[in-house]
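Next up, some structures in structure tokens.
Each of the next two complexes has subunit A plus one other chain: subunit B in the first, subunit C in the second.
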Partner chain A sequence: MGWALIRGWTVLVYLFMFLPIAVVVLLSFNASQFGSFPMTGLSLRWFAELAGNEAILRAFRTSIVLGLLTAVISTTIGVLASLALVRYRVPGRNMISTLLIAPILVPEVVLAVALLLFLNALAVNKSFALLLAGHVIFTLPFVILVVQARLVGIRRDVEEAAMSLGASPVQTFFQITLPLLSPAVLAGMLFAFTISFDDITGTLFWKPGGVETVPTQIFAMLRNSISPEINALGTVMIVLTAGLPLLGIAIARRMAMKRGG
Partner chain B sequence: MGAVSLTNIVKNFGSFTAVQRMSLDIPEGAFVSLLGPSGCGKTTTLRMIAGLLDPSEGDITIAGRRVNDVPIHKRNLGLVFQNYALFPHKTIAENVAFGLKFRGVSRDDRERRVREALELVQLPDVGSRYPGQLSGGQQQRIALARAIVIEPDVLLLDEPLSALDANLREDMRVELKRIQQRVGITTVFVTHDQSEALALSDHIVVMSKGRVEQTGAPEDVYTTPATEFVARFLGASNIVEARCLAVDGDGVTVEGPGVGRLTLPRERAPQVAGPGPVKLAVRAEKLKLEPAGTAGTAPDDADDLILDGLVETVDYQGLAARYFLRVGDVQLQAINMIDSHPFAEGERVSLRLRPRDCTLLAGSTQ
Partner chain C sequence: MSLEEREARQPVLLLTPAITAVALLLVVPLGFILVYSFWLRTATGADQAGFFLDNWREALFDPFYRDILLNTLKIAAVTTIVCALTGYPAAYFIARSRGNKALLLLLLMLPFWISYIIRTMSWINILGASGAVNSGLMALGLISEPLPMLYNEATVVLGLVHFLLPFMVLNVFVSLDGIDATLEDAACSLGATRWRSFLEVTLPLSLPGLAAGGLLCFVLAAGTYITPIVLGGPSDAMFANLVFEAIITQLDWPMGSALSLMLLAVLGALVLLYNHFLGMAQLMKGLS
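Let's look at the complex of A and B:
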């Protein structure tokens, strides 16, 4: 009896969380010109409209460029920082580690305002580079956490064996450490990309005038009207942000399978 | 000068000294074991030879070249670790070929040498597999092949057999010796297992607390330990605190509790110069047990010492038994082959001891 209650309650909670998402996806295929029930028929018309909307396409391009750059920069810095923290005896490494992870713990708004004030004090204007810097700071902790965890698991003697065979430290990194690290690097990149792609709070503070990312574009559109286009856009976002990690996991699986575990 | 020499090597970790002024000369082609208990500095020494640790003091030369400032990847060494350390993302053939790529070996030569190395370790057909698909013993053979294929100046092995289970370990031991002799490569082998060291080595370096206790051929180290530590660490030894009474031309006379008075040949007591406190060391297997009363009736050696003892504990080991015996005021242990059945606890026995099987050590104060 008690268990049945808990089970029912759990189902309700999940419904509450996921039903709205399901509704958005469902309505994005609605033929009606209102973005709400009842469904009058199935159609891809809102997706087509989306593809023709210059502002949204521009926002998409911005988001993708921003996400990719964030992923690449954040992962590069993250891998280097993890190497330093795990493999070398850097003085004050605990403090550095905490500082690098801190952006996760600080509320995003606080971080956003702080960076903005800092740049004001330096008399630097808002720019795309600033927006990118903000996203890198914000995604870096996730990359570092993932990469560090993996790096700790890579035995030092494998690298030592490579060096004893004649590989310089740099060659050892690119031929041994990095390939072994690649699942974590891939995961870190996906994390960074999806977080950047999804982010709205920081982006609202940091973006220069006239630049919109997909989330800020949706936000702007919502202020005018609730167009069914937004449902279609939401569906695309869901496919992207949920699909990418799934794809990443599949790739990592395949890589591991090939090696026989 | 040997293939590898260490001169006054010291390694400090902060205020802790892991290796204390060690000098060692390893001849070309020799198989040398560093043997000692855990934490005595074996790995530290090996890693200094490899270039993975910098010595705090002293010089290291490999093949006549001082290598103190030569980084590991320029030292031309073969390293084999306890946990194999194969590259999990590369096939076996790629693992073995790895070192050849940095030596400008042509593609065809590379393939041929990888094939030869895999044949040498008797795993010719696994080239296309990944390390995760091999057993531990097979992985260690591959690690050996990978280290040998580059024709290193020295092969350095850090407890390469200790991750394997007992039966496999003995097979691998034989295999390792065969390969080493076939290739004729100078080898430094780190182990805490005395039977491995005794079976494999041309020379054993016994270490304790960062110091070399004794260096020598296995049988010399075993039969003539230079220190009490070596006597106790290699095999089971009885050490009796005794007094040296006289040293003359060809004999050293000592007297001790339990064993009474005996005269050893002069060469069994190289450290003893004159009367004073000494330690009498006797290996457990050199004490021969006989039923009480029968001993002495047919002495095949007139110098043999016959002692009376009481069996206190028997540790039955199948092929042999280990006895703890009460002899006068001291307890001695003896390891004897079992003829039909072992002596029983509480049984009175005679112990036969040949003075030339004993070793006299300086009676240190430690």
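Let's look at the complex of A and C:
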């Protein structure tokens, strides 16, 4: 009896989490000219409008370039730091860990203000560079946490074996360490990209006038008038930021199964 | 260079870029806005350097700021409590279910990958004038005019709960999953009822996860300004909205600095308190 109650409650919690999102996806295929209820039929017209909307396409390009650059920079810095923290006895390890996690312990608004004002004093105005710096510092802790968790499982003796068999440190890194690291690197990059692609809190502070990312574009569209294209844009975002990782997991699982069988 | 020396230098080299980035892009900027908060914005729009207490006096003692700060903390507290009450049973179910645990966990991770702004605005489709609820009720003939349900404090809390619930469920799940399920059976076999064995064995052991989830929910809720803009009314501004207004709209950067630091001090005190009693390890478990 008690268990059935908990099960029912859990179903409700999942419905609460996903129903509103399902409605966004449903309405994006709505044929009605207002893009809201009642639905009059299914159509792809809002996606077609999206594809023809220059402002939205520009926002997509900005978000994708920003996300990719953030992912590459943040993961490079993060993987190096994680290697040091996982594999060496570093003095003051706890303090360093806390410092590197600090950007997510500080409320994002405060981080955004501090970075904006400080870089402005250094004559770096609101620009793509400021956006990139902000996204890198904000994603770095997440990358370090995810990569550290994956690194723990990689043993050092494999590298030592390669070295003792005559491989140079550079050879060892590229032929042994990097291939072993690649799942951690990929996970870090995926994480950083997704967080960057979704960010709005800091982005609204850092973005130059006239430049929009996809989330700030949605935000602007919400404030002006509820445009029916918004649900279609939301659906594309969901497919990109949730669909891609799911696909990644599915591929990883299939590969693991092949290797296992 | 000897092998030992290389060994000792390597971690320093590896850590330098990350530490430099955090120092230059976070620590120094925070110090900078501390100095900036004592400057003054003059009527001409230029900032006057110096040591003025005006911004701080206003931020700390003006009832306008105080009321909004208190209201922000209240909204964050209500959000956290709702998340805990709603999320705990779900986390318990996932931790104890046998069949499709992996699927349930995957579904739990999914909202983290769906944009915050989309999850927030999705409620307009549900509760708005032409949203699902209103058009459903009108189609049934129960109402003739759409009910105004959006743009109040309740919808701000609703939006925040929707955004933060996965953080709570995940953290509670992590700590419940680490508890040996047979402990509860043992308590029962010694004569405790199911409910009592839960209250005296499982619940206390899961408190660290509940606390970690609670801290995340509270801090993230108290620092938001997007949800009140999208789902709140004109009088539902939270403290971060004041920061945004001061920095972006009024361009009063010294005042914005003082307000940011005030928010940081309040929420930072909570994080330090948490760290003092429970340590950061539990929090990191839930995040990675």
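Heads up, the rule we're going with is that the second predicted complex is superposed on the first by the 239 of 261 C-alpha atoms of A that agree within 3 Å, B and C clash if a C-alpha of one lies under 4 Å from a C-alpha of the other, contacts with A are read in each partner's own complex, and residues count from 1 in each chain.
Here is the rule we use: contacts are C-beta pairs under 8 Å (C-beta built on N, C-alpha and C of every residue); 3 or more make two chains touch, one makes a residue touch a chain.
This is a predicted model, so every value here is computed, not measured.
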**Message:** Taking subunit A as the common reference, can subunit B and subunit C both be placed on it without clashing, or not? Answer clash or fit.
**Reply:** fit
**Prompt:** Once both structures are overlaid, what angle do subunit B and subunit C make about subunit A, taking C-alpha centres and a multiple of 10 degrees?
**Reply:** 100
**Request:** In the overlay, answer first, second, both or neither for which of subunit B and subunit C A:P179 touches.
**Result:** first
**Prompt:** Does subunit B (first) or subunit C (second) touch A:L204, or do both, or does neither?
**Reply:** second
**Request:** For A:R155, select first, second, both or neither according to whether it touches subunit B, subunit C, the two together, or no partner.
**Result:** first
**Request:** Spot which of subunit B and subunit C makes contact with more residues of subunit A, would you?
**Result:** C
**Touched partner set for A:G166, first subunit B, second subunit C, both or neither** = first
**Partner chain in contact with A:T98 - subunit B first, subunit C second, else both or neither** = second
**Message:** Taking the superposition on A as described, I'd like to know which of subunit B and subunit C A:I249 touches: first, second, both or neither.
**Reply:** second
**Prompt:** How far apart, in Å, are the nearest Cα atoms of subunit B and subunit C after the overlay?
**Reply:** 6
**Asked** Which of the residues in subunit A come into contact with subunit C in the complex?
**Response** 2, 6-7, 9-10, 13-14, 16-21, 23-24, 27, 34, 36-38, 76-78, 80-81, 83-85, 88, 90, 96-111, 113-119, 121, 133-134, 136-137, 140, 142, 144-146, 148-149, 194, 197-198, 200-201, 204-205, 214-215, 218-219, 222-223, 226, 230-231, 234, 237-238, 241-242, 245-246, 249
**Prompt:** Can you name the residues of subunit B that touch subunit A in the complex?
**Reply:** 50, 52, 71-79, 81, 83, 85-89, 98-99, 102-103, 129-130, 132-133, 143, 146-147, 150
**Asked** Considering the complex alone, what residue numbers of subunit C touch subunit A?
**Response** 7, 10-12, 14-15, 17-19, 21-22, 25-30, 32-33, 36, 86-87, 89-90, 92-94, 104, 106-107, 110-111, 113-119, 121-126, 128, 130-132, 134-136, 139, 162, 165-166, 169, 194-195, 219, 222-226, 229-230, 240, 243-244, 247-248, 253, 256-257, 260-261, 263-264, 267-268, 271, 280, 284, 287-288
**Message:** For a test of understanding, state which residues of subunit A touch subunit B in their complex under the given definition.
**Reply:** 155, 157-158, 160-169, 171-172, 176, 179-180, 258-261
